[in-house]
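You will see chain A twice below: alongside chain B first, and alongside chain C after that.
Up next is the complex of A and B:
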């Protein structure tokens, strides 16, 4: 379980996170929802140790963040994190050089799933394919948790559908996923837990199945209630 | 340790195309300066002996022997090495900033690698050291080749050949980079490494605190330089109490202490303060 307890972060005098507390379990898809500036990306970066936070605690399976613990987590940011001149096969080599939990077989499987070629250069990929390669790099790791930052951001509908298909495939099952997205409609039916954020605070946290069955509401209905009052 | 080696190799390979270009430029300009000098001397010999009927002895009395010494001390010969040194210096800054700049933020990937983050610091430092050693080794290796060009153009009677050791001693920067005694080698490279560590730490301060960090980094850098040169201030206050040698060792000790502090500070910044 990834657990955040009272995480606070400021940039200068501006508060970005004001005591964020939530949990994301293995085998579940947890979706962080909020408008731009709500702190979604900062939360993922804080979990990965990519941005410092001033207060609170983040643990992964009960342990504090360390290089060993971080091998349990893979992060898929919304920016390309590979060198532009690399070909996809060079990126595979880089990952297999450095990560013990890199699964080359799965990487090839996802490559085929997305209909990408190993010889393609990162710099020549379309936006949709860049997002797919980013996703591939994260999913091909044998990690217990996957953090995805806006995987649908700015890509065409067919790429979105392909990426959404990943969530219901064996590539994700049994793993804990934390995803941030604006495009909630694409994956609403797939998420297990929603965490609604505003101004660096968790406004509401709920299990989607429960809300659907007990209150007959969709995630979007709950979002309307919370954000529009 | 294995991952550290891979990191160093990865960093080195990223600079390799530019580095090879630099080495080619060094060779071409130095070879051109030797060819130019050799043909200039040859035409002087021809003119003096054929046109003016001077004897070999008279020519040598007036002009001396043609030798690599005359080329090694020229500006044009040193120019490519200065270019290479400046490029490597710029790369000391760029080796960090390139991972943050542009659309492809590779720093995400580096910071997420399953290695202690201080290894990124050391791998980049080791890469810089390799680049410098590589450049020195290349320069030493091409000296005999350049002398062969001279030998091909100038007759042996008008030429004074040098050993590689002799050529190294004739080139100021090689005398500095490859000193004859080991202690000088340690001191020269010790100061060089300390300077790189200081610059790296300043960059990490800036990358951690951004705008505020610029001032903090400048303050840290100036403070460190003042400390390194503080023995000279002490020397003025104590009216030349210390020998030059003692001052140098004091500076060296301060540089080592500052380097250790900088490494610890960089480790802290990389683990607790750095931002993507």
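Up next is the complex of A and C:
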């Protein structure tokens, strides 16, 4: 389990996170929802140890963040970090040379899942396919937890559908997934838990099946109450 | 296999209802293999934990049966299938009666209306079972 307790972060005088507390379980898909500027990306970066925070605690499976613990987590940023001139297979080679927990077999499997060819150059991929390759790079790592920043942002509907299919597949089986989004409709039935953020605070954390079953509310109904009510 | 999901109702309950309907109309036959949890999650584009919950509940209700690591199958108990069918019919009739009584229409007129509705062209084709 990834657990955040009262995490606070400031840039100078500006508060970015004002005491973030939530949990993300292994074997579940947890979705951080909020408009841009709500602190979603900062939260993922804090979990990855990529940005310092001033107060609070983050633990992974009960342990404080350390290089050893961080091996359990992989982070997929919302922008491609690979060199555009590379072919997909070169990128695979690069990953396998530099990362011990790169799983080449799984990478090929995901390539097939997305119906992409390993000879394609990164620079020649469509926006949607670029997003898929970006996602693939993270999914192919042997890690217990996967953090994805806005995997659906700015891409066409069919690519979004294909990416959404990842979440019901064996590709994330038994792993813990945290995904950020400001658009929930593609994945409403795919996530286990929703964490609603605004201004660096968790406004509500809930299990989606539970609000449907006990309150006859959709995820969007709850969002409407929280953000407009 | 496709379900049009209501976003305000628990997905696992909708999955169970769908299976009951398919079993009741004979689309899923007694003893027939059903998709694995993973396959169904992929087909319906829903969370695998939700499918897991639906299957667990269906097992407890005796709708499906799983032997070890083999694929789950639809119950082979004829009595259970009959019960499923009857409960779906009762449910549908109850809903109908509730709504129609609130409209305060004389019984005779209801019978007539139902009969003419059922006799509308194109409806016969839907009665494919006993």
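One rule holds in what follows: the second predicted complex is superposed on the first by the 229 of 229 C-alpha atoms of A that agree within 3 Å, B and C clash if a C-alpha of one lies under 4 Å from a C-alpha of the other, contacts with A are read in each partner's own complex, and residues count from 1 in each chain.
Methods note: a contact is a pair of C-beta atoms (placed from the backbone, for glycine too) under 8 Å apart; a residue touches a chain by one contact, two chains touch by 3 or more.
On a predicted model such as this, the values are computed, not experimentally measured, just so you know.
Trainee: In the superposed model on chain A, is it clash or fit for chain B and chain C?
Mentor: Once chain A is superposed (C-alpha atoms), there is room for both chain B and chain C without a clash.
Trainee: In the overlay of the two complexes, what angle sits at the CA centre of chain A between those of chain B and chain C, given in steps of 10 degrees?
Mentor: Nearest-10 rounding gives 160 degrees.
Trainee: When the two structures are overlaid on chain A, which partner does A:173 contact: first (chain B), second (chain C), both, or neither?
Mentor: second
Trainee: Now for A:189: first (chain B), second (chain C), both, or neither, which partner does it touch?
Mentor: The second partner, chain C, only.
Trainee: Now for A:48: first (chain B), second (chain C), both, or neither, which partner does it touch?
Mentor: A:48 contacts chain B only, not chain C.
Trainee: Touching A:27, do we find chain B (first), chain C (second), both, or neither?
Mentor: Only chain C; A:27 stays clear of chain B.
Trainee: Is A:217 touching anything from chain B or chain C once the two structures are fitted on A? First, second, both or neither.
Mentor: So A:217 only meets chain C here.
Trainee: What is the contact status of A:165 with respect to chain B (first) and chain C (second): first, second, both, or neither?
Mentor: second
Trainee: With the superposition applied, I'd like the minimum CA-CA separation between chain B and chain C in Å.
Mentor: So the smallest C-alpha to C-alpha spacing between these two chains is 29 Å.
Trainee: What residues on chain B touch chain A, complex-wise?
Mentor: Those in contact with chain A are residues 3, 6, 10, 14, 102-106, 108-109, 111-116, 208, 271-276.
Trainee: Quick check: in the complex, which residue numbers of chain A touch chain C?
Mentor: Of all residues in chain A, those touching chain C are 27-29, 164-165, 167-170, 173, 188-192, 209, 212-213, 216-221.
Trainee: Enumerate the contact residues on chain C facing chain A in the complex.
Mentor: 5, 7-13, 38, 41-42, 44-50, 53
Trainee: Under the touch definition given earlier, write down the residues of chain A that touch chain B in their complex.
Mentor: Touch list, chain A to chain B: 45, 48-52, 67-68, 70-71, 75, 77, 79-84, 94, 97-100, 122-123.
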